[in-house]
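One chain, subunit A, links the two complexes that follow: it is found with subunit B in the first and with subunit C in the second.
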Partner chain A sequence: MRRARSRALAIALATACASAPAADYVRLPGGEFASVLPQGATPGSSAVARIAPFELRTTPVTRAEFRAFLVAHPEWRRGQAPAVFADAAYLADGPAADDRPGAADARPVTGVSWFAAQAFCEAEGGRLPTWLEWEVAAAADATRADARSDPAWRQRILAWYAQPATATLRDVGGPPDMHGVRDLHGLVWEWVDDFNALFVAGDSRTQGDPDTLRFCGAGAISMADRDNYAVLMRIALLSSLSAPDTLRALGFRCARPAPGEAR
Partner chain B sequence: MTAFTRRDALGLCAFATLAASAVARAAAPLPGDSVYQLHPRLVDQDGHPFDWSSTRGAPVLASMFYTSCEMVCPLIFESIRRTVDAFDQPVRDKVRVVMVSFDPERDTVAVLKETADKHHCDARWRLARASEADARRIAALLGIQYRRLPSGEFNHSSVISLLDGEGRLVRRTTTAGDVDPALVAAARSL
Partner chain C sequence: MGLQSFRGALHRTRAFLGLAAVAFATAPALAANAPAHAGDFGPPRGQTIHAVLTSPPLVPPPIHRDYPAHVIVDLEVVEKQMQISEGVNYTFWTFGGTVPGSFIRVRQGDTVEFHLKNDPGNKMAHNIDLHGVTGPGGGAASSFTAPGHESKFTFKALNEGIYVYHCATAPVGMHIANGMYGLILVEPPQGMPKVDHEYYVMQGDFYTGGKYREKGDQPFDMEKAIDERPTYVLFNGAEGALTGDKALKAKVGETVRLFVGNGGPNLVSSFHVIGAIFDEVRFEGGTNIQKNVQTTLIPAGGAAIAKFRTRVPGSYVMVDHSIFRAFNKGALAILKVEGQEDKTIYSGKELDSVYLGDRARPNLDAVARATDAARQGTLSLQDQVKAGEALFTGTCSVCHQATGAGIPGVFPPLAKSDYLAADLQRSIGIPLRGLTGKITVNGTAYDSVMPPMSQLNDDEVANILTFVLNSWGNPGGRVSADDVKKARGQGTAPVAAAAH
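Showing the complex of A and B:
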């Protein structure tokens, strides 16, 4: 009797594991990268950033994946997560832990706070990507690691931002870029680990600015690449958010250090 | 030497009072909007690990800094010191100050100790270091933006938060170098 039960349990476990395959990560080389965020010590001054090799999820986290996380971590269910970690709209459109598998499973999860996204990534042995990691990944197209100077590439990405927000998001799994990463553009906004590190000043007239004292050092910055609107919009959105905030078009994906690389 | 002894005694008294109030409140669950829902691993300027909810029951002024900062950070210390002085009793005695570094690499316990002495931080103050991940989470809770530059310096906003005894945000100020009267007024209700 007991053996039969443990066998049933083993089968159930195997089935559960089979239906939630390990997340797919690919290695990105990192390297020297000219961010649209000036990296220099003085306002507006640019310096090339060095990004260590890292691994990135090929797609944003889906509703099915987030539901599995809620099953294992009840403290992150809607109504359970404390207000200080997630606002009132957290997971308002689901998923819930007891949802049945459905047609929306492959859509990206949205309505998730930064704290919840971080907890998810930690639970799968990762973390949220840094802004620079996200930005270097998002610079690639199907054939080039950095396609940003190509006006056609910019136009294609901007076209998404010009579309009105529709009620339902499509499934994850758009065309892969040269690294095998999908959906960095054209599906959802994405949290980054250091979302609260992206200062944006309206312009570069920071001298004598009443806000100068709010920021230490070169706090108020101006952008290095003003023509890269699509990426600038990301920064503008992220820097306007607080960590418990949730949005219907804001999802996330996770990153992790490449084997042999320290964070 | 004498100063240290008196300070230690003060610290002990403060600790005993807090411990008593912590025991009294231990049964009540934390409110959902309390920053103490987060459990960062903090180490203070004396090398003691502590849970920041150990100040539960006392109003708290919380902010972040890094020691090698020469411009705004000394002003934050100055602001907090003068704000504490501006509080009415009994809040002035009850209040605790928690300053978390976002530069754990350079702000070792010894450096924190030095900084605390330099700014004449008394037993009400705790200067703390945390892991990089915990510092990022604390900044998120306190509404502080910061960014490490390739030079090793940090860009950061200077925000001082007043928390009630349950760790709920009462008021925030971005006034640096001066006392924010609105914050002092808000503390009267605590």
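Showing the complex of A and C:
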């Protein structure tokens, strides 16, 4: 029903987005990837995951981009979105559809629920990236596809954790990694499509304890690589959420299948 | 689950045996309800109470309540930058805005409705594991809370004692290392004996990217944490949190109760107060009391209650007696005790005299020279006096004083000593066999003990005596090693003053 309506609004969207720059996607090769989360057939066992090539937005969605979405999709405005799809703090810090363009436009939009993020990406012809897609993209640095063994890579993540979330967010557009993707680290948390399946990823068939990572040392046992605690903290944050939840430091970016790949 | 129901069955059996009547004497109205646990005094009664939380080093007031109540605890998680040392900034994650977190005080049997609030400005999800909770995860599974959200869970405080609480969100070690721990006191139903002061002290180890006291913003260092090499070991989350103006205070004659926790994440604490002895310690926070304790071991994730009475004014330094942590990593706190001195308990300094120890350098040179000379047969009076002086300084001057004047009534003088001069043979025997009992020297009576100086060889005794004979107006003369050897051979009994 909603999907049909969003298709019907496609023309209106195209008009509304005319003033905003077109979203920039780059191709990521995917391939074999050793995730922080165990991907083996049995609980806790490691196995390399295969990730199909996909395209990822180069930057998180900005406030200007989300404002344009709200113009075209009034049902996602603050106060209009149903409470089951967005909590009370949804878009509490803006943007609103009738905001004038301003200095904050290039900052990442935050305070967006998973449902709203998903709707945005759908309207743009995409979807939210899966955790594995996000993780493989975030493993890169400026010169390497997988820089995770470099302490400097980890330190960049931790340095961001050490900054209080109360500071004003900077504009999107940090330095690009080797794929041309920006701001995967050091700006905002980002929704992923399967955020609520992270604790059971890889062993959902075996009825593993979904609370494994939630308390005490159990989490460390099931981690494939103890050095990747910096990524684990992102998983911990995402897994604390429900889909209608919004956070001041939580934004999103969209992905879509690479041309020629199955959707 | 199985264990719980087994326990329940056990307690029901006990109730049949009448043992429960003792445990529930404080709640007779509930006898008919027969709760299943010794610490369960039945459903909460009276008005709902909001627990008073305090920031360290303060402790909420005693409870003075004789029934179990419904108690609401509101605890907010705050991520904030604070100083870990002068000019050193660190982003702490806190329960209630302080490290350690707010002190929680409830009564055994209370039903505690716990609200964990994660500040909207925070970046991380957090939860809480209270060691005082009976249930899986100590509440952690029920309190996993995203920023800008609030979780609620309820538990009955079944066991009395002092318990650590901490965040248990992955990675747990990092959450604890950033300061997410505190104490909850579950008071016994009859309360705790009254004291003059209660204080809240909690140790923790911290891991910063920079060195100890390196200025500026310091990030958390996971490698150091895994290797258990802390940059700081601190009481109450910052160097100087409990020193200077912020020192704990008490007056002479008062009783002090310390609730001492250890958040870790890694180190165990050898908690000690320099110059005080704990009259009583509830070690490991348990029910047993250990008395007259110098140092109590507090495990990471454990706590103790230490009680003592202040008797002498002054500054009492609390340390982790793994002592490099105290003086090189910051584990120092001060308890300042004010009031009247009591010289019968502690005198202050009474004597400050030189103590060089036996043959402390550079005295050995003269002794070595004399030994050489004796071997070559060229030992002069001067060699003997010089060597004797060095040996005298090391061995004899502590009592007889460097001036040979002794201390009247305690240590007899050697200077111008009539006793010494009266009988040279007797005098040679004194260092060899000691002297015990009443003697009179230069008109003053002495009655004390000098032990035999059996560590001295014949050469050394000869040189000391020669030095004494040629010093401080004594008549002069010379004692040879042979003389000493002969005297040594004449009997083994100590010189008894009574014989003279």
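Heads up, the rule we're going with is that the second predicted complex is superposed on the first by the 221 of 263 C-alpha atoms of A that agree within 3 Å, B and C clash if a C-alpha of one lies under 4 Å from a C-alpha of the other, contacts with A are read in each partner's own complex, and residues count from 1 in each chain.
In this section, a residue touches a chain if its C-beta (ideal position, glycine included) is under 8 Å from a C-beta of that chain, and two chains touch if they have at least 3 such contacts.
Here the structure is a predicted model, which is why all the values come from computation and not from measurement.
Trainee: First (subunit B), second (subunit C), both or neither: which does A:W114 touch?
Mentor: first
Trainee: Contacts for A:A103 in the overlay, against subunit B (first) and subunit C (second): which applies, first, second, both or neither?
Mentor: Neither partner.
Trainee: If we overlay the two complexes on their shared chain A, which of subunit B and subunit C does A:A72 touch? Say first, second, both or neither.
Mentor: In the superposed model, A:A72 contacts neither subunit B nor subunit C.
Trainee: Have a look at where A:F85 lands relative to subunit B and subunit C in the superposition and call it first, second, both or neither.
Mentor: In the superposition, A:F85 contacts subunit B only.
Trainee: Is A:L158 touching anything from subunit B or subunit C once the two structures are fitted on A? First, second, both or neither.
Mentor: second
Trainee: Of the partners subunit B and subunit C, which touch A:L232 in the superposed model: first, second, both, neither?
Mentor: second
Trainee: Pick out the shared contact residues on subunit A: the ones touching subunit B in one complex and subunit C in the other.
Mentor: 213-217, 219, 239
Trainee: Using the touch rule from the top, collect the residues of subunit B that touch subunit A in their complex.
Mentor: Contact set of subunit B toward subunit A: 30, 32-35, 37-38, 69, 71-73, 75, 133, 136-137, 139-141, 143-151, 153-158, 174, 176-177.
Trainee: Could you pull out which subunit C residues touch subunit A in their complex?
Mentor: 79-81, 91, 120-125, 127, 129, 137, 140-141, 144-149, 168-172, 174, 217, 219-220, 222-223, 226
Trainee: Touching subunit B in the complex: which residues of subunit A?
Mentor: Those residues of subunit A that touch subunit B are 39-41, 47, 49-50, 82-85, 114-115, 118, 127, 193-194, 196-199, 213-219, 221, 239, 242-243.
Trainee: Where on subunit A does subunit C make contact in their complex?
Mentor: The contact residues of subunit A facing subunit C are 89, 151, 154-155, 158-159, 161-166, 189, 211, 213-217, 219-220, 226-227, 229-230, 232-233, 235-237, 239-241, 245-249.
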